[in-house]
Structure formats: structure tokens, C-alpha cells
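Just below is one structure, and these are the notes that go with it.
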Amino acid sequence: MSDIGIELDYIMGRYNYWLFCILMMTGLYITVSRGNLIKKIVGLNIFQTAVFMLYISMGKVIGGTAPILTEVPETIYSNPLPHVLILTAIVVGIATTAVALALVVRIRESYGTIEEDEILELEHDMDFGSGAAQGDPVA
Amino acid sequence: MYMFLAITAALFVSVALVLVRLFAGPTLYDRVLAVNTFGTLTVLILSALGFVTERPDFLDIAMLYALVNFVGTIAILKFFRYRSFGRLRPEPEER
Amino acid sequence: MTKALGLLVALFALWLALSGYFKAFLLAVGFLSCLFTVFLARRMKLLDDEAVPLQLRLTLPLYWSWLGGEIFKSAWAVSKIILSRNIALSQQLIAVESPLKTDMGHVIFANSITLTPGTVTVEAAPGKFLVHALTDEAAGAEAFGEMARRVAAVETR
Amino acid sequence: MNNADLILLAIAIPALTPFLLAATGKWPNLRDTVSVIASIATFAAVLPLLLAVIDGARPAISLVEVMPGLVIGFEIEPLGMLFATVASGLWIPTALYSIGYMRGAHEKKQTRFAICFAIAIASAIGIAFSGNLFTLFIFYEVLTISTYPLVAHKETPEAKRGARTYLAILMTTSILFLLVALIWTWNIAGTTEFRAGGILDGRLDPAFAPFLLALFAFGIGKAALMPFHRWLPAAMVAPTPVSALLHAVAVVKAGVFTMLKVGTYIFGIGFLGKTGASDWLVWLAAASILIASIVALTKDDLKARLAYSTVSQLSYITLGMALAVQMGVIGGAMHIATHAMGKIALFMCAGAIYVAAHKTKISQLDGLGRKMPVTFACFTIAALSIIGLPPFAGAWSKWYLMVAAADANQLIIIGVLMVSSLLNVAYLLPIPARAFFLKPKDDETHGDAASSRIEETPLLCLLPICFAALGCIVLFFTIGGLYEYLLSIPIRPESLP
Amino acid sequence: MEHHSILRVVSKLLIPPMLVYALYVQFHGEYSPGGGFQAGVVFAAAFVLYSLVHGIDALTRVAPPRVLHALAGLGVLIFAGTGVVTMALGDAYLGYYALAEHPQHAQEWGIVVVEFGVGMTVASVMLSLFIAFASHTRKLDDKDW
Amino acid sequence: MMALIEANLPALQVVLPLIAAPICAILGRGGRSWAFACIVILATFAISVALFAQTYAGTIISYRMGGWEIPLGIEYRVDRLNAFVLLIISGSATLVLPYARRIVAAEIPAERQPLFYTAFLLCIAGLLGITITGDAFNIFVFLEISSLATYALVASGSWVNKRALTAAYNYLIMGTVGATFFVIGVGMLYMITGTLNLADLAVRIADHGDSSTLRMGFVFILIGIGLKLAMFPLHLWLPNAYAYAPSAVTAFLAATATKAAVYVMLRFMFTVFGFDYEFQADTLRMVVLPLAVIAMFAASIVAIFQDNLKRMLAYSSIAQIGYILLGLTFLTETGLTASIVHLFNHAVTKAALFMVAGCFILSAGTCSISKLGGIGRDMPWTTAAFVAGGFSLIGLPLTVGFISKWYLVLAALELGWWPVALMIMASSLLAVIYVWRVVEVAYLQPAPEGTVRKEAPLSMLIPTWIFVGLSIWFGVNAMLTSTAAGRAASALFDSSHILWKE
Amino acid sequence: MTANLVGIAIIDIVFFTLLVLTAIAILRQRNLFAVAMLSGVFSLLSAGLFVTLDAMDVAFTEAAVGAGISTVLMLGTLALTSRDEAKRPRSALLPLFVCLVAGAALIYGTLDMPPFGAVDNPIQTHVAPEYIARTPTDIGIPNVVAAVLASYRGFDTLGEVVVVFAALVAVLLMLGTSGRRTNGKNGKEE
Amino acid sequence: MDPVLVDLARNIATAIAFIVGGGFILVGSLGLIRLPDVWSRIHAAGIIDTIGAELILIGMMFQTGLTQTTLKLALIGLFLFITGPTATHAVANASFIAGIRPDRLKRNESEAVLGEDTPEEMKA
């Protein structure tokens, strides 16, 4: 009986992390497996968000509350530091997304597609098709 | 307290249903509708959670969401209509 | 100028409602923020009857409470349809004349139509709306007439 | 000017000549004058050093400390002095000869040629004077690289291929083995200095000694020990003065010189003998001697045959070191000088034949001896010297090597040396014999018109040839002095000053 | 969408409160959740709404890109400059205690100023990004390439 | 005033380019912003030199951001190791920027040039920040600053070759995944220690002892940083990014970006986790070592078959990174010294080589090796610089490459790993092949018909030759670099041992 | 305590389930508009999760970013690109393998992690309590997150702002400052 | 008044608001699933957006009494009240313009509203 209790405690102490693992894998899978450039970015966002969740989970204190101090004495507060870190990370994430999207726009303009496979084909043609050497300018 | 938990639960059920519509489509407009509704529900959930955890600060988030969600929805729709945010110029037909 | 002042007051009220702190610093900052917002609003050419609806009569809350009742009723009606075993719809797109004079009135009217479940304003044209109704009942002409009258009572020109 | 400065001067003159050459590149005559003067000046700088070393001086200088404990420095001992003298001394005839050859063969880019040549000489002298293995390695690599453009000089696909092989083998061996050996030595001994009696004794586990020696022996690719000899024949595409440089003056000599240095001053003859670490090398060198000679027999191309001859002769020197007796070192060192004399003459002759008659195959040489008697006379002398017949210089070095083999109780090696001499006879002597005694073939397409225009080599080419051939004879008679001199090579640690 | 009266009116009604809300978030970061970044985003969102209804040209009239870029730089400079000022006053980089006598006021001042810089940068950057994306119209069509 | 500046040197090191960046953007015209950036970089370099001088003797400068006590606030910590890396980064920047003017003018539209220099400054600031900071999360923030700037810089090669865009995109995706992995790793460390300060982390990790969380923290940091530094199977972004970025950017990145990442790795492995962390030692030897060796060979072999000079050099960079990693895996002081000294040496060499490639592009309009025939005659100085740099890449004596190889082989032999030593040498032979391909073409092949090429302008030649000169100077007299690297290594080594041994 | 834990756990799990469902929907969805919308929903859900985990500031940011900026930017990109994702012939086994390995590594890492929400976790005992304890006296503001963000770790925030600025620089460098287009093949605008 | 009684009244009021509002929301979301096309679903969404949301907010307001929180709730309610129908309208409008028409349309007077001078792109 007590064994089961310990097991349950163990699982309760970790299920959050496991859920986050699943989410992270999904995001990573989208990033690496999808050929659409935009979708890769979305996958990346999911991946990053999952990591944010890991941080936030570790900052949580059961029975605690948000780290905005109140008048009530003896309040337990959750850990503010992960929040700060993740705030920064979110901002970094959105900045990266913006840059990535700008790149996608330019890629679409230059290649006419945002599918990785088609782009690879085009690049393959550039390398071996027209006889142009690799170091030549191809605007 | 239990009231809030109950309403939160109801909201969650509702969110789940809305998400089903969002995933299922079939048209984009169904999805936009679902997103918009989802936004409203989120505002409510956030407010309710604020009560559950006894931190009314949550309302700020809810309010932010009420405002920003609107911008998002309008953006999507404007976009569907003009195919760009740019200057109002008809788009050459897509393949 | 009146508009600007009116907007400033309204915004500052909003600030106070949001803030809830009455520290000197925050009040000062709040005032400055509101001033800045008014400045931006001017730049955006927002200072007109639409953005600062000072012209509306104070009967607006009354209208709203009436509208609330209407909403409840029609929501109930739509709910019944949703919950009925066989969903029987008779969808229609109908033209609704709008007797109102100002854009603000139009908008209140149109939004009221949308707010009441069972009808949605689809397209707005000068003096007319295209409304989608879910059922014959919702598309009844007298419902709109009543609403238009009440909106007209709120708007002035 | 003291001796230490002279060391620098001896390296600096050829090292700085390229700048002068580049500056004067537009005026061929001036340029060639510069290069001749430089060669003489270098020799002039080396000579006083030679005298000093004979007197027992050991001039030394260290330049920079590259890494803690790792110094670029020079120190002259008898062996290095010998090599420097040979290299700088032979530069003079080679320089003269190359002027004649290059002009005669209408080669392009003579300035580049002269520049690289000077750098090669500088690095050869650097190798000779190196005070430690590290410095030696540096100049060794410089030599490799500076000779690459020389080998590829003709810029034909064939030349490029040859140059590639040349570079590939030399680089591979030097980086893959020699450098590792160098670092290993440093790791064990904490120094790479050349010291009498070696620096590894007592530090290196004897069980590992053969491996380290193998790294060195194969690492010194310039010594053309089989199986890393392919570069030598491959480099035959180069113009003949380059071949002379490779085979006689600088490159291969640098290789075997390094081999001797390593045996004497890194391992120490005593250590090698004690542990028997070099036994395997004896056999490898012996095999190399025989196989290369046999291969040479099969070659019809004159330069290729000479190249294989060189491979075989170089292994003599390696053998001398590997025998791990003093006489072996002496014999090997002596062979550097004698073989240099002989081989340079042979190559110059080959070049002369090419310039004068545009012939490269041995089978085309029939009857040419009558048209170019001096050239072929010199060829014969040099060939005899290589074979090791008195009264030509080669006889002595072979003799001392046999003595060494006897000292080391390697009787089979004596036999190998004798067989090798016979093979030498077989592949070298037929050449002048054909030239002098056979009638020219008439089936050539150009017929008599072409061959009738053949006449004796230009004077600028002929003079160096005669000089070298003469050298072979002179060296035979002055060998006593050389022997005395070589006895001063310190073998045992006690002989440290 | 100019002709679209409903949207126009609603957006006009909504924009000023949104701006005030953004500024509220900006200056109450010390007391409630929020701060420069969130405020900047909401602030930008209000402008985006304006642009959606009135067109991007109207937006660039109200907020010219050049000004926005300068403001974005200025925000960074305000933040980083605060650090330089504290450094010049003898404290460490971003050591706000040097800013005033009273330590807590000094900190509060520092935080307000710094957050202001953040808000300024974020708002103008987000808006510039929107403008950059929105006004970058398609260059070539598939067939032309 | 001077005292004030001196007291705040560590902060200024990063803040100066950081503040300069927006100003540079506002300045407008290309020339003006370039000049401004040059001045700023020079000042940054001066700061690096001052920091290097201060720490050379062994002092550790600890600077507290905001004046907060150490685990609370962010610490800037300069010791011999990162002072050395700072010097590399700011020094390379100082030389690349003057070089950049001409080629940037040729490769990037005039109106975008101020932004280009702004991104450049940001990139430098980010790299310096990564290097100087003593806080794990701060590393991430600055990593992202530099990465974002780098993506932009790489993508700005698109005016020459549109493939820069996809290259930048791939770099972005992989870089972001890497950064996120890094964040996961840091999060795990944070979770079991409760601190982010590197020095504090080290102490607390040693207290904590081994656990699966710590292990995975290590693995994620390794992979995350590995992506950034193009560790072998994670290198896929690098070749194209280097090949299609504007030449000045490539030169700068090759000299610095991966170096900063390597530094972070060193810092984590040896300061935070410590030499005695068994799992780390095992991972390094079982996984990283084979990968490094494979990188040395595979990348070099691929480099042999490249026609694009920049791409070839990029692959060579991957191989060289293999050397650096190899040095780490020895886990000895000599091995570390080899890695650190190779950081510097490779930076100098690669910068020079990429600069040469830039000169070729400017003058000949191409960097296809097959089209560079006879360029040795038309551009003698540039080509000579290439040859000298190539020698260093091969590791011939009298160049810095030799010094690196020396230490590496020495370290391998010290451990008795002679097969590794032979492999190091064998892989440098591959370098001979790809370098020699270019040499052969440049000198022994006739120029293509109708090409007009003139020697690169002095503003580009001089920085190139300064790099070449450095690579020769420190090859001939490596006392400074090898001593500095040796000291840095021993500092890392000593600090690392104290903790776990109690 | 336990009841609270279970309550949070339930909300957590509900949110997580929804998040995972959304993620899978994104994975399967080919219409990019729908993907954009779904990603907005995803951030919103995660904002909800952050709220339950007491991270209000984070939730605030995530909501603002996810609903506002990121959706708009993504749509702005879609305006210029195609609407649908193409089907991919390539096998997805390798990515799957990579992800599974990464996931397995993570899960292995979680085995020794301090339990979720426990008060005596290292991170709750080392640095963080000092922030909470000292903020009222050091800085005197109630929002500890703001205090840490802007003062204790103000330098991180400076970095964050610079990142945002860098993003602007990057985007402008690529897309142009004024929306004017670079012309044609060479793109030189001189 | 007796504070206990006030509390009870409050709670009852809240409960009623929640039950009704929650009921509407559930029904609305059910409608979102069940109804056949976009047009009908818009109405279901309308239920959630308007009456459901407002009722729940009002229920919350009962709990807080006259405090700042109530003000904020009211503001949220106001915003939702303004934006909700507008967004719904926008959706309807957009789908109308995109040419999506309800199944089995009983009456269509769209021509009467749009008139003859409608720009081409706006006609379906």
C-alpha cells in the first residue's frame, strides 16, 4: 500500500515534466519533419513554448501563489526567477520568429516556393544544372 | 470557490468543443469563428482562474486578451479579404 | 477641443479604474499617458463623433437593458434549436432598412442585430443592412423595427 | 664576422636572393648573373665555416623560441658541414648549368625557377646547419614546398601529375610520420636537440625504439626508402637542373642526411646497436638497394633509370646508418659526397643530351657518343664512380660501407653490396656503350636531317659537367682528408665538448 | 476597408482605451503583472488595429517608419544609457542606487526608466515589423521567376 | 575618469558595441556608419587588450552587474581563458571591419549598409557577451543577440547569391533548436542547484553529485552548443551559411562565432561540470572523440570535392572544429592547451583565408576554384596570402597551424593514443589536398579567356595580410599564444579539480 | 495540500491535453492559415497553463505575443507566400527517431528531478527566496518578477531589448526600411 | 444588513448567473459542433460571445461587490460587448464575400443591399 503511495507521489511529482516532454517532442518533430518553411517555424515555436513550460513548472510551489507580494503574511510564493527567465525567452522567441518569417518572405520571393523539397531541387539545379559554378553569383 | 471551479470546468468542456470545431474546419471561416469564440472563452477562464487562485490580477490578462484577440480576428479577416495587409490592391488570382 | 477634453476625461477615468493606486507618481504618469493618447488620437484623426460619442443620450443603459432582455430571449430560441433532435433551419439573407441618421446609430443598430443570437449583420450599405437570420421567427420584420426605434431614441444629431 | 653570423649569412644569402631575382626578373642577363653571384657568395660564406669546423669549432646560434623549450637554432657539426659544403658547392655548377639548360630548352618562367631554386638551396643549408630536429623539420618542409614549383615547372598535365605525386608522398611521409616522430621524441626526451650519442638513450623504452625508428625512416620520405620512393621517378618530369638539384644537391641528400643525423644524434649509434632497433632497417635498405637496381634495369627512359639508380644509392646511406657502427656513418656520409658528385654529372649529361639532341630514351642514344664525345666521356666517368670502381670517388664510400657491414657482422650485406655493384654496372654502363659503339638507328622519322644538326652541348652546360666529372676523380685521391674529417663525427656521448 | 462603417466605428472606439490600457500596463509593472514588453505589444496592437481599418498608409502617416526606427534605437539607448549614467555616478552598470538618495526610490526610478525604454523599443519594433511585413508586397509571381 | 572606466571595463566591453549599435543604425549613410563602427570596435579592442593585460597574471576580475551580490545578480567574470577569447573576437572584428568597407559596398545595396554595420556591431556585442558573462542564462541571451544578428548578416549575402537566404534559414532553424536545447540543459542544472551563476553552479553541482538530471543537463548543453559550434553531425547549417554570406561576414564568423561557442563549451565542461565528472568524461571519450575524428576526415574529404572556394573553406572549418573538440576530449592540460591555442590559430588562419576568398570575389567576380586559373599572376599578393594561410591550415611549420598540431599530437602521445596522433596527421594531409588544388589552379593553370582581374584594393589586402602575418608571427614565435593558452588551460584545470575532489 | 495538488494537476492535465491536441492538429493541418490560427490558440492555451502555474507575467506576455504579434506576423508572411503545405514524399522516420531519442533523453533526465511543486526543491531554497525576501526592502515594489527582471537581473533584460532591436535590424536588412523594393536581378539600388 | 445574508444572496445570484451563463455556453459550443454550416454556427458562437460571457462576468461581479475588481470585470464585459458582435459580423461578412452561402437559403435579398454598383470582387 505504502509502495503504491510512494509510486503515486513519484508520478505526481513528475507527470508535469513528462507532459512537457511529449509536447516538446511534438514541436521538434514538426520542425524536423515538415518541409514547409512556415510550418517549421510554428513547430519551433511549439518546441520553445514547451521548454518555457518546463521552466515555469519547476518554479511552481504547491500552495504558493504568484510572486506579487500581498499584505497577507505567511504567504508562500512561487519562484519568480524562472518567470523572469522565460519572459526573456519568450521575447527572444518572438524575435527569432520575426526574423525567420522575414527570411521566408525573401525565400518565397527568390525561389517562388516555400517548400523545402522544391527549394532543394532548385538548388540542385543551380549546382549541377546550368553549368554555372558554385561560387558564381546567382542573384 | 466551488462555483468557480464548476464554471471553470464548464468552460473547459466548452473550450474542448470549440477546439473540435477548430480542428475540424471545414472552411477557414469556421476556424476563425472557433478562434474568436475560443478567445472569449479564454477571457472567461482567465477571469475564473483569477478567482480560484484569489488573485484578481488575472483580470488584467483577461482584459488584454479581450482587446488583443479582437485585433487578431480582424487581422485574419482583413487578410482573407484582401490577401495582404498592405495597400488595398486586388491580388492577382492565385493558382 | 471639447472632444479632446471629453476623451481625456474619459481616458483618465479609465486609468483610475484600471489603476486603483492613488500615488502621486502614478496619477501624474496616468495623466501624461492620457494626454499622450489624446495626442495620438488627434494624429490618427480619431477625434470625432464616432470615437468620442458624447452625443449619445444617457438613455443608452436603458437601451442596453432592453437589449439584454432581447438577447436572452433570442438566445433561448436558438438554444432550443440547437438542442432539438432534428435541427430545422430556414436560413435567409434579408435586407433590413435602417432609418438611422448617423454612422454611430447604424453601428449600434447593426451590432445590436448581431448581438441577438439568431440574426447577424452580414453587410452594411448606406441605409441598409444585409442580415442573416437563422429562422423565420428571427427574421420577423417587427423585431427590427422595434430595435431601430429604440436606437433612434439613443442617438441624436 | 664571427662564425655564428656566418651561419646566418650562409642561409640568408640564398634566402634573400629571391627578392633580388624577383626585382631583376625583367632583365634575364642581370637575373642570371645575380643567381650565379649568389651561389658563389654562399659558397664563400660556407667555406670559412668548413675550415672552422675542421679546426674543431662548433659554431651555434639560436634564433627564436617558438614554444617553451622549442627553439629554432643552428649548430654546426661535421656531418652537417659536409652536407652544407656539398650543397652550396654544387650550387655553383648547377646554377651555371641551369642557365645554359633553361635558355637552351627555351623554358618559360625562368625567374620563378631561379627563385625557387635559391629557396631550395637556402633550405638545404638550413637543414645542414640545424641545431635540433625541429629546426631541421622546418627546413625540410620548406625544401619540399619550394621544389614543388620546380617539379611542376612545365605546367603540362603530366608535370602537374608528377608534381602532385612528389608533393603527396613527401608531405604524407613528413607529416604523418616524421612530425609524429618528432613530437614523440620531444615528448620522451623533452628536447629535440642533436646531441652526440643521442637523446633517447635511457629515456625511450627499447621495445618502442624500432617503432620510433620506423616513423623516422619512413617519415624521411626524401631518403626514398622503399616503399616511399615513387616520388623520385615521378619528379623526373622536371627540367634537368631540377633533377640535379633533387638527386644530387639538395633534396635526396637532405633526406639521407636527416637519416644520418637522426641515427647519430637522436638515437645514437650506441643506442641503436645496443637495442638492435635498426636491424629491420638494414634488411629493408638492402632490399631497397636490390629492388631499385633491378627496376632501373627495366627502364628505357634515361632519367627514370637514373632515378631508380638514385633510389638504390640512397639506400646505401640509410644502410650505413642502420648498421649502427661508426664506420657505417662514415661510409654513409662519404657516400653523400661521392654520390652527389657522380649523380650530378650523370643528370647534367642527361640534360645536355636533351638540350642538344632532344633525346630522352636510352634506346635513342645509339651513336650519339660520337657527336657529343665530351658529354659521354663525363657520363662514363660518373657512371664508373657510381658503380664504385677506382679511381673514382664512389669506390671509397662503398668500401667503407662494406667495412661497416663487416663491423656489424652482417656478412650478407657485404654480398648485397657486391651484387648491387654488379647491377650498377648492368644498368649504367650500357648507356655510354650504346652511345659510343652502336650505329645510330635510321628508322627515325626525321631522318638524318634531324640528327645531323646534333652537336656538342652548349659550353655553359658542358663546363659544369666536366667540373663534376673531374670532381669524381679528385675526390678519389683526396679521400683521406675526408675520412679524417668524418672521424670527428661524435658518436659517443663522452665526446661532448 | 474604409467604407466598412461598423469596423471603423468600433475600432475608433477601441483604440484610445487600448492605448491607455497599454500605458497602464507599462507603468504598473511594479505592482501587477505587466511591464514594458507587454505594454509595448498592446500599444503596437492598437496601431495595428488602426492600420487594419484605415490602411497601412494612414498608419505610416501617423507613425512614420523612420521615426519608429529612431524610437526603437532610442529605447535601447535609454535602457543602456541608464546603466552608463549609474556607472558614471560611481555605481556598477545598472546599479540604480546611484540614482537617488533614498535606496528604494532609486531602485524604483531605475526600474521605471528602464521599463520605459523597453516599452518604447518593443512598441516601435513590433509596429515596424508589422509595417515591414505589410508593405513588402510581392515582387515576382511564380511564372515570372 | 580613467579610474571609473577602469573599474567598469568588463561592462564596457559589451555595453560599448551594444550602445553603438542603435546609434549606428540612426547615422544613416553607409560610410558614416562604417567609420563609426570602426571607431567603436577599436575602442572595444582596446578594452579587450586592457582586460587581457589585467588577467594575464592570473587575477580574476569579477564584475557585478547592478551591484548585486553574486548569485542574485548577473556576474561578469574575466579570467585568463575568456580574456584570451575576448581578445580573439574583438581583434578579429577590428581587422575585419576595415576590410569590409569595399566588399560590402560591392555586395550590399547602399541603403541597407547602415543596418548591415548595425547588425555587425550587435553580433560582436553578442559574442563578447557570451564570452565574458558568468551567468548561464545570460549566455543564452547574448547567444541569441549574436545569432539573430548573424542570421541577418548571412542573409544579406542574398544580393549576390540567393542561396544565402536558405542558408540563413537553415542556420536559424538549427541555431534556434540548439539554443533551445541549451536552455533545456541550463534549466535542468538550475533545477537541481537553484542557481544560474556559473561559479556557484560548479560548487553546487559538485555538492549535488551525479544524477540523471545532471547527466541530461550536460547532454542537452553539449548538443545545444554543439549545434552552435557545428560539431560534426550537427554541422549541416555551416557550409552554406559560410559559403553564401557576404565575404566580410564569413571572415568574421569563421574567426569568432564558433570560437565563442567553443568557449562556452569549455566553460561548461570544465568550470561547471568539472574534469572529474565521470559521465562527462565518458561521453567525451566515447562519443565526442569519435565524432571529432570523423569530422576531421569526413569534412576534409567533402572539402576536397567542393568547387566553391568559400564552401571548401567552410568544410575545412568543420574539420578544424573537430581538432578543437578532439583536444577537449583528451581531458588533459596539454589537450586543453591545444584546443585553446587552436581557437586562436584557427581564427587567424580562417579569417585570412576567407578574406582572400572575398578579394577573389571582388576582383574576379567568382570564387569557383575552376575559374580561378592563373589568378596567382593577376593577384599575386592575394594569392600569396592564400598560400600562406593554406600552409597554416595544413599545419606546416612556421605557421600557427603547426603549433596547434604540435600540441594536439603531443597531447595524444602523452596519453599514449598514438592512433589518434596518426589520425590527426592523416587528416591534415587531406588539408594538403584541398589547399593544393587551389594552389595548382592559381599558379599552374592558364587564366580563362577574357578575364580582367586586378589586385585587390589595399584596404582589403592589408587586413588580410595582417592576419597572414599574425599566423606566421605566432607560428614562428608562439610564446605568447602558447603561454596564454597554457595558463588558461591550467587555470581551468586547477579550478576544476578542487571541487569534486573533496 | 494534496487536494490542491490534485486540483492543479487536473487543470494542468486538461490544459496539457488540449495543448498536445493542438500541436497534433498543427502537425496534421496542411492549410497554413489554419496553422497560423492554431498556433495562436496554442499560445493562448499555454498562457492559460502559465496562469495555473502562478506565472502571471509570463502568461501576460505569452497572450500578448501569441494572440497579437505572432499571428499578425505570420499572416503577413502568408500574404506573400502560398497557402497550403505540399505533401512530402520523404520518409519521416529519421525525424521521428531523432525526436524519440530526444524525448527519451528528457524523460531520463526527469527521473531524478526534484518533485514538481515541492517546497524544499533546490530552486526554492537557494536564490529565489532571497529575491522574495529582499525585494520589499531592497526595491520596495510588490511585483517580485518586475524587481528581478528590471533590477536584479536587469542586464538580462537589456539583452532582451537588444534582441528585439536586433530582430528589427534583421528584418529591415532583409525586407527594406521603407517598403521600397529592390529591383530585379542584381538588386543594386544605386 | 446581515453580512451572512448578504453573502448568501450574493452566492445565490452568482450561482444563478453561472448556471444560466454556463448552460448557454455549453449549448452554444454544442451548437458550434452540431449546426450544419458556417452561417448557422455563427449564431451559436453568438450565444457564447454575448449572453454566456456577460452572464458569467456578471456572476463574478456579484462576488466582488463594489471594488476595483468589479470595475475591471465591467470593463472586460464592455470590451467583449463591443468587440464580440463586431468580430462576429466581420466573420459573417468575410465569409459572405468569400462566396460561402448557407445551405438551402430560404430568402436572399443580398442584391437589394449591395446594389448594382458593387465592385466586382465583392460579388461572390
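Every chain is named by a letter (A, B, C, D, E, F, G and H) in the order it is written, and numbering of its residues begins at 1.
The criterion applied here is as follows: contacts are C-beta pairs under 8 Å (C-beta built on N, C-alpha and C of every residue); 3 or more make two chains touch, one makes a residue touch a chain.
Quick caveat: nothing in here was measured; it's all calculated off a predicted structure.
Think of each touching pair as a link: the shortest run of links from subunit B to subunit H has 1 of them. Ranked by how close its C-alpha mean sits to the mean of all protein C-alpha atoms, the top chain is F.
With D-F and A-B as the two chain pairs, more C-beta contacts join D-F. Taking each chain's centre as the mean of its CA atoms, C is the chain most distant from subunit F. Computed from the mean C-alpha positions, the centre of subunit E lies at a distance of 32 Å from the centre of subunit H. One simple way to say how far apart two chains are is to compare their mean CA positions; for subunit A and subunit D this gives 66 Å.
The distance from the centre of subunit E to the centre of subunit F, each centre being the mean of the chain's C-alpha atoms, comes to 35 Å.
A straight line joining the Cα centres of subunit B and subunit D is 87 Å long.
The multi-chain contact residues of subunit A, meaning those touching 2 or more other chains, are 24, 28, 41, 58, 65-66, 68, 81-82, 85, 87-88, 91-92, 95-96, 98-99, 101-106, 109, 111, 113, 139.
Residues of subunit G in contact with two or more other chains: 36, 38, 54, 56-57, 59-61, 64-65, 68-69, 72-73, 76-80, 106, 110-111, 113-114, 121, 123-124, 127-128, 131, 142-143, 145, 147, 149, 151, 153-160, 162-167, 170-172, 174-177, 186-187.
Contact of a single residue of subunit B with at least two other chains is seen at positions 15, 32, 53, 55, 57, 60-61, 63-64, 67-71, 74-75, 80-81, 84-86.
Subunit H contributes residues 79, 82-83, 86, 89-90, 93 to its touches with subunit E in the complex.
Here subunit A touches subunit E in the complex through residues 66, 68, 87, 91, 98, 101-102, 105, 109, 111-113, going by the rule given at the top. Touching subunit B in their complex are the following residues of subunit A: 65-66, 68.
Those residues of subunit E that touch subunit G in the shared complex are 25, 29-35, 37-38, 41-42, 44-45, 48, 65-66, 69, 72-73, 75-76, 79-80, 83, 93-94, 96, 103-105, 107-108, 110-111, 114-115, 117-118, 121-122, 125-126, 128-139. For subunit F in complex with subunit A, the touching residues are 137, 140-141, 144, 148, 151-152, 155, 158-163, 165-166, 168-169, 172-173, 176-177, 179-180, 183-184, 187, 190-191, 196, 243, 306-311, 361, 365-371.
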